[in-house]
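Consider the two complexes below, in which chain A is the common component and chain B and chain C are the respective partners.
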Partner chain A sequence: MAEEAIKLGGKKKSTFMDKVREMLPEGGNLNLCLTCGACASGCPATGLEGMDPRKFLRMAALGMDEEITTTPWVWMCSMCQRCIYVCPMKINIPQLVYYARQSWPREKRPKGILGSCDMALKHDTCSAMGASEDDFQFVVEDVLEEYRAAQPEFAEMEAPINKQGAEFYLNQNSREPVTEPDEMVPLWKILHLVGADWTYGTKGWAAENYCMFLADDDAWRHIVEVKKKAVEDLACKVWLNTE
Partner chain B sequence: MNSQTKKVMVIGGGIAGLTAAWELAAAGVEVALVEKAPFLGGHAIQYACKATDTCQQCGACGVEKMLANVVACDRIQVHLAAEVASVSGDGPFTVALRASGSAPAGAGACGAGYDADPQACAAGRGYSVHNGVFYGPDGSFDPRRVAAPADTTVDAVVLATGFVPFNPAEKPTYRHHELANVVTGLELERAKRIFGDVRRPSDGRLPARMAFIQCVGSRDERLGHLWCSQVCCPYALRSALATKHKHPEMDVTVFYMDIQNTTNSFGAFYDQCKSALRFVRTIPVDMYEAPDGAVRTRYMTEEDGAPVDEIFDLVVLSVGIMPGADNSALSRTLGIDLNGDGFFARPDLLNTSLTGRSGLFVAGTAGGPMTIAGAMAHAGQSAAAVLQYLGRASR
Partner chain C sequence: MTPNFEIKSIIQYYAQWIREGKLKVNSDWNKDLKVTFTVQDPCQLVRKSFGDPVAEDLRFVVKTVVGEENFIEMYPNRSNNFCCGGGGGYLQSGYAEQRREYGRIKAEQILATGAAYCITPCHNCHAQVHDLSDVHGHKWQTVHLWTLICLALGILGPKERAYLGEDLAEVNMFHPEQE
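Presenting the complex of A and B:
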């Protein structure tokens, strides 16, 4: 038997997947794939743009960096993490997709996600739809008043805003106050019926964070910090983010 | 053998335990065979023959034959529904037995005749005609054939406690506990043995479209089961081929990631499978209810990477071999180690029947996954090692 392992000549090219492996705990198990395809069977984006999670990981493993970092498929991934959930080898495909997103120049990333992130960065509300502090407060108070009047069993229901020291600080996706205000009410009713001590805040109230989906780490962090400060300023104990 | 008769306890009455007991008895050793369940034969006695027009060498009939050998052997004392409470001594060993809490189904199980409740009746009769000798006319144990649990002094112990089949509840997207027509490989085998053919649990009808999903619970980092169970490809392919042979009109699909070797004639066997069955190299994960008790699943096609939905009348999860539920307790009771996977450690690579503790031996799947034939061969090796040990111990 040979004393030492045989060494192959030539320098191994550092690939995109190698770089991602270095960033992830346990290397994201990226080199454990048995190619069973469970990820692709469970993925809602399988087949879009001729791509699926198994193929994506295979291409990354083969060092096809050009294809991996330019396929628009990464933007069709909903980041639901189903692939890692059903993967018997617990391979972190979602993070591979995330870093592939990050390799895109910011201005080339999909307009909808980019615009939503940039809009959220403009206001302390963090609303991707640009809803202001006053707009939000007005809609909440208006809807509350309407339901208290129309449904006597909820005459005592509250939807507090900026209530100092409340147990729960509740975020709200911008879509509801802006386009479907009635959809805020079922959760208010539940909170009312269980006697929860909760509040909205005029600052940092928007639940969504498109900067995460944009794979813009700095902006993502900024959004989270603005919301965290809002929770702390009201001295709430629990931050409830419904997204 | 020397003049003084030696006695060995075999813990576990599955195929490995039966084989070890019989080999030892054939060499003149007295054997106490201890089985937790109220019947002998373990999992393997519940499997059906997988012959097409020729024998496929699945080994199921070998279990029957070995059970018949053991039942007819007067040097083997059988304890059913019994388990080990404690072990003392360093050879000889004194083993305290106690009731395991399982009991024979009793006369009631078959009171209304076999057809009234075939599953309960088969279980009540111990799945084999050869187990019949253990039960009296009222269905309870016959005390002349089944020894009561008692302290027993033996010169050596063979651990043949077997495995547990993977519990598919640990992979909940398969919805085994919700959908009647999603079954495990063991459930398929048991039903074939009881009814004589493949049946859908929901309505007892023959499925027109049957699917096997391989590697369920094995080769799984998430669950901590990195091993290949070694039996799922052999049993699923043989079962699929035998069913297709019997019902040529049935569509039989095998979802797999790779096919593991099954026999010496694997190449020819696999070619036969490939011409008779449809192989899809993708593992589906989600099962949905479809009309008429059928099951809809989604997977990605190999050719163009497109997702497709397909409906099957019966889905079989090819579950693998997991460490026995009692392994950690037994490991403490017996003072022997488990390996990282939870099977009994076998530190000597050249003789895997040795446990690392003198006088204690392991046989069959207690030490790791193996087929029926593999378990029988391993039990033979174990019996030989016991005889060698007894010869040395007597000097």
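Presenting the complex of A and C:
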């Protein structure tokens, strides 16, 4: 038997996981993993790039920073949070994935996500497809006019824009006004029939936020602030997310 | 950053308006047709935002509109549902092959229901589930709830039917001359 206990040398170096733990409430429970694998067994991203959520967390815990901050798997996890839902210790693996995304140089992150975020920063509409305030207003008014004429039962239907004090501020994914405007109409009809007091805003109407997916905190915050201000400037009571 | 307004989903209001009698919709249109539907619980709406209560609202609306006997649940569901692979920026990430492999679980879940339609009350889910249908031989159609509500109300015109299949293309047509 050994006379002395084995001593591990040196001070433990700070790892990527340590940094993330400091940023999360309760440390994201990142050091509580029981290695049970409930996360990996129910994750659709398991197997892609030879990775899965448990493996990703174990690699982070082992200080394999190089591997986890460079694997493209972080862009193949949708951060859907099912792993947290099934985890007995409620470990926040998606947040670890988010910070791993953030460790990529901005220009090296996926071009489509980057482009969609940058496009959204161009106008206060926050549209990832680059639709401006005027574009949006034109499409909405044009479509409304067409349907009021073609379907006389809806001659009185409205699609208000910037209506001060409306109860609902309705957002809209850019795809509808930009590529399939007729898809906006069924929702307008429903709102008309129930007598909802609603409005769009020329600012902040776009529902999407690719800056969040890009893991660009400043841009993400900017988008959320523009949208929040748009709802508050119109003094609406409810920010209504569409389908 | 605390807002001075509430954040809600239109799904919650569809349910409320039906309960209050403001949205007078029913499933009579589907009594004889018996077209079957399943529903995708969007992660952002259910697991990540409002939890199982909104999943119940969603089912209440769907069953009211298509008929309880024509609704088929996929498993697992509600807060335990699998992500379809449309979230997190996946659709714009450039990893299309991996996104479709990720979505294989969702496609198998939908196929196991045998339903003719998958209702996707989320834009990302709609795009992804629609694409998954494309790569799995078009065995199901992918629709928004607003389309079905207006179909049931008899106020869905010819240009508002982009996502309906041939079986429903002409059903309850409103202003067919608008074409």
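Convention: the second predicted complex is superposed on the first by the 220 of 243 C-alpha atoms of A that agree within 3 Å, B and C clash if a C-alpha of one lies under 4 Å from a C-alpha of the other, contacts with A are read in each partner's own complex, and residues count from 1 in each chain.
Everything that follows uses one rule, which is that a contact is a pair of C-beta atoms (placed from the backbone, for glycine too) under 8 Å apart; a residue touches a chain by one contact, two chains touch by 3 or more.
The structure presented is a predicted model; accordingly, all values stated were derived computationally and were not measured.
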Exercise for the section: With the two complexes superposed on chain A, say which partner A:D52 touches: chain B (first), chain C (second), both, or neither. Expected result: first
Exercise for the section: Identify the partner contact of A:V86: answer first if only chain B is touched, second if only chain C is, both if each is, neither if none is. Expected result: both
Exercise for the section: Using the touch criterion from the header, give the chain among chain B and chain C with more contacted residues in chain A. Expected result: C
Exercise for the section: Check whether A:I6 is in contact with chain B, with chain C, with both or with neither, and answer first, second, both or neither. Expected result: neither
Practice task
With the two complexes superposed on chain A, say which partner A:E225 touches: chain B (first), chain C (second), both, or neither.
Solution key: second
Problem - Partner chain in contact with A:G42 - chain B first, chain C second, else both or neither - result: both
Problem - chain B and chain C footprints on chain A, overlapping residues - result: 42, 86
Handout entry: Complex contacts: residues of chain C adjacent to chain A
Key = 1, 3-11, 13-14, 17, 22-23, 43, 45, 47-48, 79-83, 85-95, 98-99, 101-106, 120-123, 126-127, 144-147, 149-150, 153, 155-157, 159-160, 162, 174-175, 178
Practice task
In the complex, go through chain A and note every residue touching chain B.
Solution key: 29, 32, 34-38, 40-42, 46-47, 50-52, 54-55, 86-90
Fill in the blank from the handout: Residue set of chain A touching chain C in the complex reads 42, 44-45, 48-49, 72, 75-82, 85-86, 110-113, 115-116, 147, 150-151, 153-154, 169-170, 173, 175, 180, 182-183, 185-187, 189-190, 193-196, 207-208, 210, 213-214, 224-225, 228, 231-232, 236-243
Exercise for the section: Under the touch definition given earlier, write down the residues of chain B that touch chain A in their complex. Expected result: 173, 215, 219-223, 257-258, 281-286, 297-300, 305-307
